[in-house]
Amino acid sequence: MANISHRKARTIISKTLAKGREMGLKPLSVVVLDAGGHVIAFEREDGASPGRFEIARGKAYGAVMLGMPGSAQMARAEQQTYFMAAVNGVYGGQVIPVPGGILVMDKRDNVIGAVGVTGDTSDNDAEAGMAGIEAAGLIGSA
Amino acid sequence: MANISHRKARTIISKTLAKGREMGLKPLSVVVLDAGGHVIAFEREDGASPGRFEIARGKAYGAVMLGMPGSAQMARAEQQTYFMAAVNGVYGGQVIPVPGGILVMDKRDNVIGAVGVTGDTSDNDAEAGMAGIEAAGLIGSA
Amino acid sequence: MANISHRKARTIISKTLAKGREMGLKPLSVVVLDAGGHVIAFEREDGASPGRFEIARGKAYGAVMLGMPGSAQMARAEQQTYFMAAVNGVYGGQVIPVPGGILVMDKRDNVIGAVGVTGDTSDNDAEAGMAGIEAAGLIGSA
Amino acid sequence: MANISHRKARTIISKTLAKGREMGLKPLSVVVLDAGGHVIAFEREDGASPGRFEIARGKAYGAVMLGMPGSAQMARAEQQTYFMAAVNGVYGGQVIPVPGGILVMDKRDNVIGAVGVTGDTSDNDAEAGMAGIEAAGLIGSA
């Protein structure tokens, strides 16, 4: 199974931040998790609030642990709120089910990790993250 | 970037309590957190219930970690309940998203901390806290 | 049962800090808990590290919950380490068994709360706290 | 009081990793926390074990919350084990008291954050981290 390398993780983050600046977004924070949900890299831009790491990781963690991008988790949360609340419980409170949590796949469609973006609106967070993933030559599912 | 000094924290608290008495509120409890969400000072008035520290801190903690005053967190909680519930999870259950959690800024608009007030209605808590912050020469966002 | 009033709690803290300055100590942090172990008041001096609230409260919390001043807890921790470690476990990790956690009694020897002091050496912390308690007309057991 | 900017955090990490390669160390993981103990940036090199983020952060977190570099925490843990175990408790299990947790100061000796390095021996971790901090024009205390 392929992984997201340290180098690619850094590219994802720097290109996501660049996209955010291009879109004129608020300061962003971006995390890259591996296929097991563990942190490979993270960056918080100046001016972002101090708790953004936990939000970014929460978005990415739910995505990789469930195999569900943020948009799908949000749809589930709206239809069956007690399920996503319970999911959050079994993961020790570490899941944030909204856009900005993006699954990352390799060319063969294997999930190789997830990216979490936070700082602007959820939809803008997701758009910036997709740009970062694509710039790294990978495929994202938001 | 400035911090809230020990002296200013004490002024915020004493002036918030004074405002509460002037408004005829129930016994108040007031906490002041620094820009990293850590406690600088706290006071609970006689007659307040024993668990007020945690409530006051929960209001202030969410504000500083997210960069969102209590009123904005409450609006988010009402529109997208599962999001604020999840946010509470990633912060270890330490966030209470209602008015009374007030961001504190310096004259250059940097967030330098937060104040949490509890004891009366959330709106009255917020009003008393804003008075305390302004009396200390700082700017509050409730 | 008597309690430590808000006013007396403030006196304990301000006099403890004054003693610390008189002794030339590092910046101190002081918490006052009620007889149920709940926070009445706290102050952290400028220059103290951000995590001092948790240390101060840990010292005071063990004292009031066990009815044992910090010196006694430390003696127990040294003689029977697994016991104090287990005690810490049942209290959710909230007990720090060293000097600086001081029981507060009224004139009839009832425990009415506890004070936790941190910032310098444990013995100096305890000495400053005892001065604060005595200045408030109460009796301390360190 | 100054902060560690996003740019400086990135420099600290890249120079720490470069030092590690120069020293021939195992794959390193490096975190930079701000003065409140919140994550600014992190990178895990290829080949490092998946749980390195938590170890790196644990080293840095204890340093900034207590104002004690890793070497000092380790000395305390060796003299008074139950104290550091209890400290770990009050910080929710987030403290790892060994070398590799380095306080970062500005030119006026204010603590502006901490760096946590893990992956090789603690002493080598600390040496690499000190090089990264110095390359960013800041002062480290290991």
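For clarity, chains are labelled A, B, C and D in written order, and residue numbers in each chain start from 1.
Just so we're on the same page, contacts are C-beta pairs under 8 Å (C-beta built on N, C-alpha and C of every residue); 3 or more make two chains touch, one makes a residue touch a chain.
Everything numeric in this text was worked out from a predicted model, so none of it was measured.
**Student:** Is it true that over half of the residue numbers where chain A touches chain B are used by both copies, so same, or is it different?
**Tutor:** Different, since most residue numbers here occur in only one copy.
**Student:** In angstrom, rounded to a whole number, how far apart do the mean CA points of chain A and chain D lie?
**Tutor:** 25
**Student:** How many Å are there between the centre of chain A and the centre of chain B, using C-alpha atoms for each centre?
**Tutor:** Their C-alpha centroids are separated by 30 Å.
**Student:** Roughly how far is chain C from chain D, centre to centre by C-alpha average, rounded to an integer in Å?
**Tutor:** One centre to the other, that is 30 Å.
**Student:** Out of chain B, which residues touch more than one other chain, so two or more?
**Tutor:** 34-38, 92, in rising order.
**Student:** Are the chains arranged, by touching, as a line, ring, star, complete graph, or other?
**Tutor:** other
**Student:** Which chains touch which?
**Tutor:** Here the touching chain pairs work out to A-B, A-D, B-C, B-D, C-D.
**Student:** Spell out the residues on chain D that touch chain C in their complex, using ranges where they run on.
**Tutor:** 35-37, 64-68, 80-83, 85-93, 111
**Student:** Using the touch definition from the top, list the residues of chain D that touch chain A in their complex.
**Tutor:** Interface residues on the chain D side: 5-6, 9-10, 34, 36, 38-46, 50-51, 53.
**Student:** Under the definition above, what is the set of chain B residues touching chain D in their complex?
**Tutor:** Per the touch definition, chain B meets chain D at residues 1-3, 34-38, 92.
**Student:** Under the stated contact criterion, what part of chain C meets chain D in this complex?
**Tutor:** That would be residues 48-51, 54-55, 57-58, 77-78, 81, 84-85, 88, 92-98 of chain C.
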